[in-house]
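The following pair of complexes shares a single chain, chain A, combined with chain B in the former and chain C in the latter.
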Partner chain A sequence: MTNDPFSKCHPTVNFLYFLGVIGCGVLIQHPAYLAAGVLCGGLYYLLLNGRGGWRRILGLLPLFVLLAAINPLFNTQGQRILFRIFGRPYTLEALLYGGAIGAMFVSMMLWFGCYDRVLTGDKFTSLFGNLIPAISLLLVMVFRLVPHFIRKTRQIVGARRSIGKGVGEAASGADKLKHGLVVLGALTSWALEGSVVTGDSMRARGYGSARRSSFMIYRMTWADYALLAAMMGLLGLVIGFAAGGSAAAQFTPSLKIAPVSGFRALGLGAYWAYLLIPTVLYVKEAIQWHISRLKI
Partner chain B sequence: MKKSHWATLLVFFVLIPLTLYLGTRLSGRSYYITGTLIILELMVPFFMAFEGRKPQARELVVVAVLSAIAIAGRVAIPIPHFKAAFAIIMLAGIAFGPETGFIVGAITAFASNFFYGQGAFTPWQMMGYGAGGMLAGFLFRRGWLPRNRWVMAAFGFAAVIVWVGPLLDCSHIFLTLGSTDWVGALGYLISGFWVNLVQGVCTMLVMLLFGIPLLEKLDRIKMKYGMMEDENGL
Partner chain C sequence: MAHFQIEDLTFAYPTAKGRSLDGVNLTIDRGEYVVLCGKSGSGKTTLLRHLKTVLTPHGKRGGRVLFNGVDMEQVSQRDQAAKIGYVMQDPDNQIVTDKVWHELAFGLESLGCDQKTMRARVAEMACYFGIQDWFHRDVATLSGGQKQLLNLASIMAMQPETLILDEPTSQLDPIAASDFLNTVRKINVELGTTVIITEHRLEDIFPYADRAIVMDGGQVIADDTPRGIGKALHERKNDMFAAMPTPVRVFYGANGQGECPLTVREGRNWLNRCFPAPPQIHGLPAEPLEEEVTNPALSLKELWFRYEKESPDVLRGVSAQVPTGSLWAIVGGNGAGKSTTLKAICGICRPYRGKVKIFGKPLEKYKAKELFGGCLAMLPQDPKSLFVKKTVREELAEMTDDRQKIDEVTALCQIGTLLDSHPYDLSGGEQQRSALAKVLLTQPRILLLDEPTKGIDSFFKEKLADILCKLKDQGVTIVMVSHDVEFCAKYADRVSMFFDGQLLTTDTPRRFFGGNSFYTTAAGRMSRHVFDLAVTAEDVVGLCRQAQEG
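Now for the complex of A and B:
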């Protein structure tokens, strides 16, 4: 696990935060806002994943270029024609629009990457355990069963190999498929028999006899409430400014991007502040840790 | 009336029109947001119905096991990019009926993304898999389609090509395409077609070779332990 302080906040705070990030990220297409989304998302992603995070970030670069370059092929609106391809105009406006779409896509990939690290399955189920008890229980069981089944699959494959029925890397696709389906069949039979035992055991121990109570491992502390209030305040500012047209941007048929100056910069500032919350918490904790180590 | 029936009425006559109305007033990438909200709203009645009928322990465990097999299945078959998940979901629908098919599909899509990464496509994938499982349940349980391996294979192939694949492509189109330009959308659908074709062939092969054996296993479990037979259709 990482030492990320934002991950240790209450799941409600985490969930609402990502809801805000993803909602704003998909809706706002102003270049300055998009750049903020990509930079802050990348920064937090690197903090969460360490050096290994660079690989994914570099892998997203070609995707960005591809999305930017493809858009003008479909969207031929725009005034400044760069060149003609297949008789259709390839315009600067459409290329910039493609860049904006690419940036939005990249920032979504980065933020979803962060979401996966922060809002793990146990947090999700504890968050929604009261609202959707049966489905949360289902999810918990699936999370447990998948690694269990993968281990069992390896055992079945090993057992088959030891009686000379394994397939090597060089085997043909048809052989691999047949072999795989036999393994899958064995796994299914075994798993279904086990499911009946589990189900009966659950019943014997009283599942369904009363309302399920749920144990909440997380508590809202005053720090969580303060963070939630700060988040809502910043998000309110962003939405307010965006609704007032400060984050408006139109690319095709003609470039119309709202200027970021004076009073309007406040909206962008609020957006930066909102996106930087986890990073700021991380840096604050790192500095505190450093200072307390110096004191020893 | 049951709670979930009220929810269905509410979703169809209040929430979806409201979303569509608000969606037309939003600027920017409103197609994606509107589409995703409608998909989430459509799934609410199904989940409420599942919660509302207080599923028994055995049913819960069987659904969880089927979902987990669909997710873990890709370890069993040593061919890269070969996914048996959707075929297993449809077989679950055929064996246990449309409601179970929907839940197995939606849960499989959602839970597998906890292992392989969530994305903007998650709700669309849940809807695609869930509705696919449900449709398979309807058609084969009601006897409208025979439980024949060739029919099931053809159905699986068609379900991927015309439903699950295009639905996932639509989530990408709405997210990445600026304007709803028919030429652009068509381009995306054609470029996604090859991926869908591979998926469709995988599903078809699994249905063809594994469909009847898996159904026999599921039917045997149902008979052996007397499961899921007291409710209508289930």
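Now for the complex of A and C:
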């Protein structure tokens, strides 16, 4: 686990940030904006995952190429025909559009990868803790039960194997299904039994005896508020410019991409700044540590 | 005013014929440490569940329970939740949430406490129980002992006046169990919390309890100080005497005079008083271990195994030879790789180096059907993993159509009366025997047992030992992994110590436990300064009698 300062911010800040990133990423198709999304997403992804992150990023490359190349096969609109395939035109515009879709897809994969590392299950549920305690508790219990079930399934399968009731190597499909159903049945009885104990344990600790409150392990600090304000400011700028048409892009039937120049570059700049927030925080902390180490 | 006052309490479950509680009268004072003992099914759990209304089972009830002088029915749910803490057997299912910190706060959240109070109480509890280090961890990553400690801490966060514990350590290994019980004792001594506890492992709590209550058939048959209980049970020749701590059993077995010892220390001092001069007989003969095993049922040669490529090795050169028809016990710490060894023997784990030979034939040469159909079978640690049907009878029928075989196994495992029950309705010991019956229907010549004595009381242990002895007589080879040194000392033919991924020493139980000074039985620790190689209570009693006569 890397020591990422953005991950240590309040979950609300994390959540709103990713909401902004993903919202913009899906809605804006302007190539310059897409490129910013992919680059910044990739950078932060690498910071979070270290060297292992390269593999995933490189793995996304063929996906990008595939998405770009496939689009013209289905979408034949466009003016500049590169060649004909199966008697249908393969156009440059459609290819570029495919590239844009591919880039959007890659950028979303990267950002969701970051989201996964930053906003862990407990952070996510704590977001709703105060608003809807009942739902938040339900989520927490589900988060706990799923791995629990997987472990138990393995245990049952192993136990049955060691008394000769496992699925043999040469079992037919019907046998496998039957075996699966037996295991599922056993798992169900076990889960029901467990839920009785869990229910007792909850009631024994006063569940339902009063209005629930929610223990907030995360606290909003002034730094969180400041970051939130900065985020909102930048996001406001991006949305404002986008609404004004600075981020408009059309690929088919004809290529119409809003130029990025002069005053309009401000929108793109705000977008870059917004996307770089976690990276900047990361670098800032790294420098601070470096300096304080030099002082010793 | 008494903390709990139980007046003429009678209870019967709706479907049961007899009464589960039959005219129980008890008074428990504030700050007392009370141990409730009795066989499985004697009504201990039913009684404990009457001390908290939300847990009270449905059925026909008579009499009443007063809490601080108020009828329990009149005490509000909120008060009961906060003031009466209840810890159950199962460490896993008691936990509700997925994070340690959240679990600690769960009770406080239910009571609707504000942030400030919650923060303070959670921090306080985390420090008191020493769980700061795993405060942010996922519950799933904790060991059984840590889980049970967390359950206790999350209840203590509500600052209860009373702590009720229903066999809290039955699923834990001995070290975790004694840690847990020490914490309970610390709570009782330092905070004055009333403790009412049921336990199989009386050795750890009996000496510290203020009072012990023995139940049988839903009635209280004895209520006295621990010392008094030992005397009363001995005089009445009650079955429960077998569950008493070793020093008590040795004392009465050898017709000891004076005050009965409860701890190993007291036991040693008592032996010193008995034998001021070293007795004529100074020990038991050491039966030597045959080093060369001819024709072993099972042979392991230099097994190396790890679970993942990057993880450390769990087995680091495990070698052993097991003679046919013997009981081999493997003891050792938690997570040392004992269970993994069993898995390697039955092919669930494949060692990357080394050889497993079963009756002289390499494991990989066996087909699954041949191996598990009459050659090898394993009873898993949690017998529930084997139950897939609605009754025990159907469980057995799943294994074979042969009526005669089923009847034989039913008789051997003494489960004739349980055949029509749902496996989940049985007690731990009954489940164990039903699962064993199911395993035995594959007619294994090698039986692997993973912690067979976990969570079962002393009577069921004896029954299990009976079954194992009969199986041995039939020529079955038994390999057992266990934490239960007492059980291994009494019934095993050879014992091996598992440490650091290897089997370090293998010897006969008497030489093995007689040679150890820490990792040995209570009887061994109590008598080793007087007698050599006496490792069970029976050994010590026998030697004492001989020494007194001679």
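To be clear about the criterion, the second predicted complex is superposed on the first by the 279 of 296 C-alpha atoms of A that agree within 3 Å, B and C clash if a C-alpha of one lies under 4 Å from a C-alpha of the other, contacts with A are read in each partner's own complex, and residues count from 1 in each chain.
By our rule, a residue touches a chain if its C-beta (ideal position, glycine included) is under 8 Å from a C-beta of that chain, and two chains touch if they have at least 3 such contacts.
Owing to the predicted nature of the structure, the values given are computational and were not obtained by experimental measurement.
Touching more residues of chain A than its counterpart among chain B and chain C is B.
After overlaying the two complexes on the shared chain, residue contacts for A:173 are found with chain B alone; chain C is out of touch.
Of the two partner chains placed by the overlay, chain B and chain C both lie in contact with A:143. With both structures placed on the common chain, the touch criterion links A:207 to chain B and to chain C. Once the two complexes are laid over each other on the shared chain, residue contacts for A:121 go to chain B and to chain C alike. Looking at the shared chain after the overlay, A:185 reaches both chain B and chain C. In the superposed pair of complexes, A:26 makes contact with chain B only, with no contact to chain C. Using the contact criterion defined above for the overlaid structures, shared-chain residue A:108 touches chain B, although it does not reach chain C.
Of the two partner chains placed by the overlay, only chain B lies in contact with A:97; chain C stays clear of it. Of the two partner chains placed around the shared chain by superposition, chain B is the only one that A:71 touches, whereas chain C remains out of contact. Overlap of the chain B and chain C interfaces on chain A: residues 121, 133, 137, 141, 143, 148, 156, 183, 185, 189, 193-195, 198, 200, 202-203, 207-208.
Looking at the complex, you find that chain A touches chain B at residues 22-23, 26-29, 67, 71, 73-75, 77, 97-98, 101, 104-105, 108-109, 112-113, 115-116, 120-121, 124, 132-135, 137-139, 141-143, 145-146, 148-150, 153-154, 156-157, 167, 173, 176-181, 183-185, 187-189, 191-196, 198-200, 202-203, 207-208, 248, 251-252. For chain C in complex with chain A, the residues that touch the partner chain are 52, 54-55, 76-78, 81-82, 85-86, 88, 90, 92-99, 101-102, 105-115, 118-119, 122, 139-140, 151, 154-155, 158, 343, 346, 348, 368-369, 371-373, 376-378, 380, 382, 384-388, 398-399, 424, 438-439, 442, 448. Within the complex, the chain A residues that touch chain C are 121-122, 133, 137, 140-141, 143-144, 147-148, 151-152, 155-156, 158-166, 168-169, 182-183, 185-186, 189-190, 193-195, 197-198, 200-217. Per the touch definition, chain B reaches chain A in the complex via residues 26-30, 32-33, 47, 50-51, 54-65, 67-69, 71-73, 75-79, 82, 84, 103, 107-108, 110-111, 114-115, 117-120, 175-179, 181, 183-184, 187, 205-206, 209-210, 213-214, 217-218, 221, 225, 227.
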